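To start, the structure under review is shown below, and the notes come after it.
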């Protein structure tokens, strides 16, 4: 299946114990919550899952735990990005053999890569696996900004079938849709752009928000699917402040704090990432309440 | 009436004769075309109308010609911006006495103004007239970027009742709508953002495009008014390339060339503005055809 | 003489009376102070002189007053920029007939001009006069950023012989010097870049600072002329905070406030420009003291 | 010794063999060339040395090889940056025990770190070792831009004694020098800023250029040390085009190609990094000749 995803693709965090070791048991619990709340896909080892902070062994354990826990109820999209092509191939193969539905690749880079280097990177990875690849553009985390023209070129690689755009620039989606036609599978990765991206024709929304407010995220998608812009707009404005907050504060920090406020375990963060301040947690609590959530802990978490 | 506008607010160009003098007769003809094609409002002396290139006498002649030609069929929004507060007051009073429905003010500036200076500028102008003021933000032309927080503050001035946002940043519209509620009258001035802005709740679209493709502009607005996102999306993608072209090439240059292609007179430009190149005119011709228009001249104009 | 300027080119403010009318008598006094303190050239009607806020009559009065007061003691560089080519030609001719040594032209613009439009604008103005033209690049005030390649091209026009760069990007000066050789006459218009620009080979420094701290400005130039980097560095760091302050607060506002602090008259500003706050004036007073100046008024001015 | 470096600190590349394995023997040869040509310090595992592309074992081998080859002739600065605090501590300790003079730490990050997180990261690393730490700011590679105020704060940590600034913004160096006094040890890491940075008082220049043109790099430093700005300016303009080229093309790519042109071995690159194109290599050859170097291979390398 060339494009196994649509709708709300949920990103779990990677929780750590108090010694900053990955807590696989808690991770599986958080994945279960996402599946149960109706998310249309699960995407471990994204930015939300602090992929680049993990060792190879930790990445493999997270991949296996996700696939085991999801158990084919929804498709799984595994992040396999790495600085070198060699290590990216390694993790892509691991994900395929573990049962992933597709892999996500962002050209992380220290040195700015040329367009030809990026193309060769994707082509090399894609030809070593037979599952689909989602090309992911997010200059804010990866340091490289792939132009819409380069993204279009990447789609020439047979199993690169999906694009995730996280620049927050709706004009890039317009370009992709206009250049590639109605069938292009582009996904939005910028939370505050959710309404504009769906209005522009995005197939899905890649987001960590379903860890906290799945009802509003799924409701927005359904309104769009029903061609009901008025309802979509209304639901979007209900969740907008929360969406902006979790992006501005960093998804791993904000989701962990939000889970605790909702009465769930969020685990610890791995240094140098540090938890939100007391003031920030209080603000998050009030935003969750505005979204209709019951908050159990309003103290620093 | 506090907010006399909604829907498609059309911006005529200011045509010049071959000696670079304003051609009032041709201007009135172009205004008539905009009213006849169904535009919901007419806005002379905007950026499209090269306001800052005109002498005081020319501005006054354009103002009077518009109001006479429109003859109360739709409301008229007159641009009265000037570098000094004193001259802005002068032109605002002139517009009111001539019969304008409202004035538009952009804080043009050579020296970056402080927020307090901008607020005082608007307050001084607004209190000298009794018709509504539209505060206009367009850093690309004016060199000043008014923050959403400043725009919100400007709305505290009694007859500053409308905001026109031309940054092309949909998040600013989200902010205004979220901070000010459903009733805030914000208008979109960025053509390629037309769909996203209407999806976000914009009351209207300030645009020069109805000089060339009024059917598509009005159709988009009507689809949104009917809560029919699918149709709106379809109509938006039909006109997107043309909208991007006229913005990138500069509205006065592009509209003048487009009018000639459509068999109308566009007049000349005032130096240093120069007409589009032959290659650009050919591209414009093909884009007009894609929008369903019949093109009469495909030679350089 | 193709390049009549070098060293410190001083920019007077345009002072206004309490009714916001130009105060020519005070202006001539301020010009006299600049000549007496040793400035190597005088440049009225620059950004510091709020050129775009003035009427044609006011510009002409300022031009004549400067040339009369300077009385050939140093060369005079008159700003003649205007949005339209026609009005720029008018003011350039006026300046030449009044006795200016050269004119300065910045492509002020509301609509972004193409490189060809800018070239034609300069060529048209330059051919209508026989004195030299300084091409001035300052995107922060004019809204147009002329690339180094365009600036190089402008120097092909016979009497465009000087470039003033105010972007604050030392790499642009490197480019001009490298492309055009040691003899190119480029001037620095970014105060905090004074040391780096002279180190890069700038012929002169266009600055409003000699209204307040002429000794330090002239001393820096002399140290560079003596190939004494250590002394230049020392003098630069003495004045750096003041240079940054006057740029950040806007030169007309800051120079006016500084003159009052030093016991001189600075006149009023024209709206929307407003005077510095009490806190800002106190900070300016302390910075002037750090520069070795005696401050007479530390109260709000 | 709190600040063991001054002058020209040379960055070797990490060469790979045809199977993309690290070539330690060639690396030691390249280090020897840098020491012999008079560089004042050697800095392995920087951006030039593609630090983030290496495994832990490879980093350790490079560290040991450098210290063995340099053999105390000049001080050694080892890059130990890592995404997590834990791994940065590990490599810092390894460098100290291997005999490094100091370590360099850049806050590499996927998620934008807060100022407090960065401070804690540096404090944790610094307290686990007793050799000095150079804090390195380079948003172009690391994705985080540390403000001058944060850099100043980092210097409060006892053994954080040096700052390397690679933004290319000379105003940041002005700030550090002005805030921290003449004794602050700030180093320039932006090649095209070499002259401006030394003019501003930089203690040294961290650069990969001595792999290719050590004579010009060292000559520039000596002219500055002799307070001879005219000679420094002359030498800077001789090497400027080459400096810009190697930065624009990426240091690992450009240094590898340049070494081959000069008759040395440069090894291979690790994917996704790819060698320069034929056209780029020819341009590099001509730039090396302009710098007075004899070029042995002008064919693609």
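For clarity, chains are labelled A, B, C and D in written order, and residue numbers in each chain start from 1.
Here is the rule we use: a residue touches a chain if its C-beta (ideal position, glycine included) is under 8 Å from a C-beta of that chain, and two chains touch if they have at least 3 such contacts.
The structure displayed is predicted, hence computed values, not measured ones.
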Between chain B and chain D, the fewest steps along chains that touch one another: 2
Neighbouring chains common to chain A and chain B, by label: none
Chain whose mean Cα position lies farthest from chain C: A
Interface composition of copies chain C and chain D: same or different, split at half: same
Centroid distance [mean C-alpha coordinates] between chain D and chain A, Å: 35
Distance between chain centroids, defined by C-alpha means - chain C, chain D (Å): 39
Computed distance of Cα centres, chain C from chain A, in Å: 52
Residue ranges of chain B touching chain C (in the complex, touch as defined): 20, 47, 50-53, 83-86, 107-114, 116-118, 120-121, 124, 140-143, 250-252, 270-274
Chain B partner contacts - residues on chain A that touch it in the complex: 168, 170-171, 174, 177-178, 192-193, 195-196, 199-201, 224, 227-230, 232-233, 237, 240-241
